[in-house]
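Consider the two complexes below, in which chain A is the common component and chain B and chain C are the respective partners.
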Partner chain A sequence: MFEMIVRISLLCISLSMFGLIYRVIKGPSTADRVIALDAMGINLVAIVALISILLDTSAFLEVILLVGILAFIGTVAFSKFIEKGEIIEHDRNR
Partner chain B sequence: MTEIVKGIAAILILFGAFLSLVTAFGLIRLPDVYTRNHAASKSATLGVMSILLGAFLYFWAEHGHFNSRVILGIVFIFMTAPVAGHLISRAAYNNGVALWEKSVQDDLKGKNSQRQIEK
Partner chain C sequence: MKTNDLILQTVTKVAAFVIILFSISIFLGGHYSPGGGFVGGLMTSCAVVLLLLAYDLKTVAGLLPIDYKIMIACGLLISVSTVAGSWLFDAPLMTHAFSDFNFPVLGKTTLHTAVLFDLGVYLVVIGVTMTIIQTIGESE
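The block that comes next holds the complex of A and B.
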């Protein structure tokens, strides 16, 4: 029963990943694509948690933290690039 | 006792999967960058938090294993996902991405042009 529920929710999350991929391909502006990629990273965290439940091991739970941190850093870098045109500014360049 | 906790974990996981589907529908159907950002940052955050809470409860009930990394992941996602949404939305506005044509109010209109002049 429990395993069936986990499989069903894995299916739901995969369907929602397809919706996000549609938005990444079609999205009219760059910000749309970055938003969809950020949501994909967050969905990936959920997929890792569900697969570690299915395999009944707690060895993959570090991956949750790692993917969360990487998605956040990537989104911050992209938004800074969109806003200012460069990610790491040089101090004397102003 | 174990069965009850596993039932609660199953309900939390199903709720998280439902919220993830809601995120995808919002991203497909909403008309505007800002409304899409609203859908993505809120419902995806809550859905993933409830799925991680379900996973934590499952490992706790099944193996008696208190996994603090999942708790850290919940706290981290709760803190960072809205900040990422805010940054992307601000970058889109300062870059001049248009609002939906039926939206009524744009509180930042004058301030944004002033900011462009200062640059």
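The block that comes next holds the complex of A and C.
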């Protein structure tokens, strides 16, 4: 019963991943794609959590935090590239 | 045009601290749980990259006055001297040893020389990643 619920939620998250992939491919502007990729990262966190419930292990708990941090840094880097055109400035007060 | 990055900079001040703590926890827990020197080093350089994104190369160089090329050399030196340390005790190369120690606050603790080897890996990974990113970021 419980395993069934986890499998159903995995299916729902996979469907929402397909919606986000559609937005990444179709999205009219770059910002749409960046937001969709960020949300895909968060969905990946949910998938890892559900799979670690399914496999009954706590070995993947670091992966959850890791993917969250990487999604945040990637989104910040992309949005800075959209805003300023360069990701790492030499001197911002110049 | 000067942009106002107040939200990004405030979030970075908290998040970089948490990321560095997480990377240290991954590094120290590498013997018993997934992780180790490689992932820990990558996460620490992630925190520095986040600082580079929120500020700039000059500010971060003032904040962390580290020459990352020297850091690579220090990491390699630590790893090689850990490996070469087995010669002192007439053991085969790369033999690691561990023992129990009693510390005043921590109590009975087991220390293993593999942690020193991992520390070298950690420093090399941070040094290589930051050297690559800074070299690419500096070129105009």
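Just so we're on the same page, the second predicted complex is superposed on the first by the 91 of 94 C-alpha atoms of A that agree within 3 Å, B and C clash if a C-alpha of one lies under 4 Å from a C-alpha of the other, contacts with A are read in each partner's own complex, and residues count from 1 in each chain.
One rule holds in what follows: a residue touches a chain if its C-beta (ideal position, glycine included) is under 8 Å from a C-beta of that chain, and two chains touch if they have at least 3 such contacts.
Please read all numbers here as calculations on a predicted model, not as lab measurements.
In the superposed pair of complexes, A:Ser29 makes contact with chain B only, with no contact to chain C. Once the two complexes are laid over each other on the shared chain, residue contacts for A:Ile69 go to chain B and to chain C alike. Of the two partner chains placed by the overlay, chain B and chain C both lie in contact with A:Glu83. Applying the stated contact rule after C-alpha superposition, one finds that A:Ile51 touches neither chain B nor chain C.
Looking at the shared chain after the overlay, A:Ala59 reaches chain C, while chain B stays out of its contact range. The intersection of chain A residues touching chain B with those touching chain C, taken from the two complexes, comprises 62, 65, 69, 72, 76, 80, 83. Touching chain C in their complex are the following residues of chain A: 59-60, 62-63, 65-66, 69-70, 72-73, 76-77, 80, 83-84, 87-92. The touching residues of chain B, counted against chain A in their complex, run 6, 9-10, 13-14, 16-18, 20-21, 23-25, 27-28, 33, 36-37, 40-41, 44-45, 47-48, 51-52, 54-55, 58-59, 62-63, 65, 67, 69-70, 72-73, 76-77, 80-81, 83-85, 87-92, 94-95, 97. Of all residues in chain A, those touching chain B in their complex are 1-2, 5-6, 8-10, 12-13, 15-20, 22-23, 29-32, 34-36, 38-39, 42-43, 45-46, 49-50, 52-53, 56, 58, 61-62, 64-65, 68-69, 71-72, 75-76, 78-80, 82-83. Chain contact summary for the complex, chain C toward chain A: residues 3, 8, 15, 19, 22, 26, 33-35, 39, 43, 46, 49-50, 52-59, 133, 136-138, 140.
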